[in-house]
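Here come two complexes built around chain A, the first alongside chain B, the second alongside chain C.
Coming up: the complex of A and B.
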């Protein structure tokens, strides 16, 4: 018990230095936490994907479409439970800077295949019935203060023209990971207009979403789908939704790697700061350690004192940093909110926070401890300041 | 009378471990600061170099990139016959009707697929872009299933080396050449004959028309004419502007990330410097008293400690820059969200960045040292001398 008291007393001896060091750790843990959250935000699409869904797209690349006639053919493949389709519309709301992911979908099957997007029953029916309607996620509705019944106008970038939709519903997520920033509208509405303006682009879809009975059969079913359309004008590439989402992440992998590297660098920087504090502290107290040794205290006792002090400092900073991570992530998420649909601090991040602080505390104390334990008593007593 | 700089130097030398730790903290911060600036600069340079000031690119109205755009043959021929377009040495108009699509190709090393831009060109395309040079092999023959690839693509994507074959659009395409285009975005593209590619992709429309202006100042008039022509649903932009717009989102992302990181990191490093300097002041209380007794003024003491802190941070700044300069050897390749296609760019160190980084490190040193230095200068002679 006495040793704990001594550790705390020691930590408080240089109040300014200790509080500055704690502040440093707080900031480092805050930065580390936000960067880790940023990395996991990158993977949020992968996290939210279901293993019971496959995505089939044109094998050349996503910018090429697939004919609508594939739908029935896919449905006949054994193991396929349901098929829906969607097309990336990329309409701009007022200006291109207001990025909203928006898709033209077949509403009925789409909502069946995505049970994580939850709508009140009346809104759901209203959406399915009205061909000119759209639904939006709770987050995006809050961002632009949309209410059910509002008319939303999107400016087409891939499909030219202005497109009006009546907002018939606002969906929320069944799980926290669900993307609540998207807008969905009727594929038919898009198609009817394309038939008039650019018939060659009509009756096409971007991707097929395939629900399967047994996730273990994903590979076989994917292969069966691709085999069906082999050597056609629009060959397909079918993969699990997870793999599909992952392909977006790997394309920007370089940036994720940079962020990960930087997040470790912040820990190294703070390690230098804490190590510096501990080195100074131990140097000043070398005389005391020598006295303690003279009194008969062992080397491990001194080691506990130094390690204890270091850990008290880092862990206090850690707790403060974690407390600040939540509002910090929220602020950062709002600033960058348009890029990332989900920006939540995960339990894994917190665990890493604690581990990093502990690690920094240990490393920072290592050298001063070694020095203090090994110094000869006479030398330690002689040392001044 | 000033306290000599050697005093400051010696002091840093005496507390080697502390100086090294603090300076290396600063060095890391400057390293991060500089690399992020270098990354943003590399991206900017790549995209700005891609365009030329007197080139104009015409795409469909409201589409933000060539990939989204579509221009049918009728509209393209109207654009092509505008009088402001320069005439080349071969007597033909310097205008290229091009196709741009994205294909998914696996990388050589990781087998992970990424999006590569493929551009359908005609013989004028090369004249419009003098920075593009063939470095190996030959140009594709018009009307054949042959393509050439930018050097970033040849090296990194499977099937893109000379002599290798790519399969898309139900046929095989032979890579017959590799080209280099300075540090531009063209390095990350594959080029082939536009008519063959349009046929293969079953896309009967062009993506863009790019042309060189006879006189760069004609742009405004031409833009007005194209955009108000009722037959056209197109818009014209200077090529430079077009490529700068494409990096907007990525630049914004890098800027927000870079700013937040720099602020956070520099606070950390300044705290380190403050702690070190407070300790230096506390350890040298009697020394400061002696200096004062010898007749040095308060402001001399202030400057001596400030100099010490700033010297330390400049050392850190140089170390950080030294390591950051090696980052120039690295090339980052990633998919640009706006164009949805692969873009490679390298870290670029400029004089401006060196200057900013050093300035930044000096400011850190100043802010970290100013409070301790004030404490040192405020000391009372008698009290300072009496503490041992």
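Coming up: the complex of A and C.
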């Protein structure tokens, strides 16, 4: 017979109470895990961005474009390794409900600058060669059951009209964090039609993507780019890709803060529930603890019993909660895939789950332990009978 | 005289043994004249606080308990019997005075020292048995042995012997809820004697039992005293239970009656 056995038997003494407490912790850990994953998903663009890439946009606003002629000038700035460009197209697939992030890009340089988007070599060649072609991420292709060779029609919103593309490739991510929900097509295809329909919008791009040799030189190169176009009709604002992505997150930071707050509130609430359970448990067993002390067991034996029981309850809830977090996150990710291209439970979230459960277990047991350890034996014995 | 397995038995007492439990003589004498005292209490006072009010419980108690004695402490409710028992057993602290047990001044010990001392020197028997409900009879009796360095095999031997002594060898795997009150109290006695303590303290050991079970428990305690030389201090309200003791001391309003009643 060991103390560990006594801890487990004590934990199972009030099966209904323990089960309900474990259920509460399971739900709390599930909610905490999903909310933390949601926050991570919010920052996934920032996390996935490269420190070796800069984004240059119109300094007035992202809505305004930049002339295509800037490309060569940027290319000549010392420290610049490569330049590509892209423009936000915002075409709707069948209906506007089917949101797909889609961009017109310069295919060859774009794929060179984004090695995280991986395509089979034949698909890559076919995409670069065919000006009416497009490539889509694995997730979006699965979502709409697209196959290579399918014709995809987008309805233009910023650029009106119907736009047909031949799907020449389906890319997957070199890393888990790569966004696999996007669609890319040829900037030239867009530009040719603009030249015919709205010539004043032709030969323009939304952003320049600049690959640099040394990420430590990012600030100097950004400054050099902006200096080059100072006092021009379209001045630039150049920043790291991370800062560029962060500017989108900042717009919705209040929501992220609320989600974070709610996730911690969930933990505080469950802490109160477990503390209540442990307080009831310790109060009921105060006589037994007095008996054990009478028999010669020390305060630390009593502390191990109470802390142990509290941790058995919280860690069981934690394991169940974590187990449910994975299918929960998958379901949530599938449902909200349009808005969160990456919705994976991170190792940090799991670590926070375990840490929170451990912390709740310790805090919940602290006061009952203090009370049980410090109560005089004679007083404890009086509580029996 | 038989001895328990851990520390060996106590020295035979000239007043305990076969055939000495009959007859009742009321004598006005101190047993220390005849035997070496195992408990020596000097100038002991104890009071409790209720808010700002100080309630005296024991006042200037002086008495000795000879080794191998079976002593009953009697008195009305609130007279301080249980408090005195707790002080002798080292589970409460005196206000003033000293309590020497087996030559050791337990009033000067720290809580940790007292816990260690209790584990090896005192066996406790309570009115409500106070077994741990989630442990079997075997595990309850084994509990005090977890504080010793005995191996699992040695612990098993001691537990089996203790349960055999109280006649519950066949109930080792039963939980307290599966045992009658009398059986639970016998398990509690096995737990009290498993470490072979010098002193057994019992607080109303028959208070929650029917007449037949109470008789069995009293007989068991008398046997432990008679055959194993255990010094027993028993608090009781029951004059019939007290008759089993060799000495009866009465407490009234915190003062120990100078007259001791002795059954020989």
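The rule is simple: the second predicted complex is superposed on the first by the 382 of 385 C-alpha atoms of A that agree within 3 Å, B and C clash if a C-alpha of one lies under 4 Å from a C-alpha of the other, contacts with A are read in each partner's own complex, and residues count from 1 in each chain.
Note that in this section contacts are C-beta pairs under 8 Å (C-beta built on N, C-alpha and C of every residue); 3 or more make two chains touch, one makes a residue touch a chain.
Computed from a predicted model, the values in this text were never measured in an experiment.
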Item checked: Dominant contact partner of chain A by residue count, chain C or chain B -> B
Next item on the list: State whether A:287 touches chain B only (first), chain C only (second), both chains, or neither.
Entry: second
Next item on the list: Have a look at where A:158 lands relative to chain B and chain C in the superposition and call it first, second, both or neither.
Entry: first
Check: Is A:9 touching the first partner chain B, the second partner chain C, both, or neither of them?
Finding: second
Note to self: Contacts for A:269 in the overlay, against chain B (first) and chain C (second): which applies, first, second, both or neither?
What the structure shows: first
Note to self: With both complexes superposed on chain A, which partner does A:295 reach: first (chain B), second (chain C), both or neither?
What the structure shows: second
Note to self: Touch test for A:224: chain B only (first), chain C only (second), both, or neither?
What the structure shows: neither
Margin query: Looking at A:350, would you say it contacts chain B, chain C, both, or neither? Reply first, second, both or neither.
Written below: neither
Next item on the list: Enumerate the residues of chain A that count as touching chain B in its complex and touching chain C in the other.
Entry: 384-385
Checklist line | For the chain C and chain A complex, residues of the former touching the latter | finding: 83, 86, 89, 91-92, 111-112, 115-116, 118-120, 124, 126-128, 130, 132-135, 138-139, 142-144, 146-147, 191, 208
Check: Touching chain B in the complex: which residues of chain A?
Finding: 16-17, 20-21, 23-24, 27-28, 30-31, 34, 38, 59-64, 90, 92, 96, 155-158, 160, 198, 200, 231, 233, 237, 247, 250-255, 258-259, 262, 265-266, 268-270, 272-273, 275-277, 279-280, 284, 332, 335-336, 339, 384-385
Next item on the list: Give every residue of chain A touching chain C within the complex, in rising order.
Entry: 1-3, 6, 9-10, 13, 287-288, 291-299, 376-378, 381, 384-385
Checklist line | Interfacial residue positions of chain B with respect to chain A in the complex | finding: 17-18, 21-22, 24-25, 28-29, 31-32, 39, 60-64, 67-68, 70, 101-104, 110, 112-115, 168-170, 201-202, 204, 233, 249, 253, 256-257, 260-261, 264-265, 267-269, 271-272, 274-276, 278-279, 283, 332-335, 337, 340, 342, 388
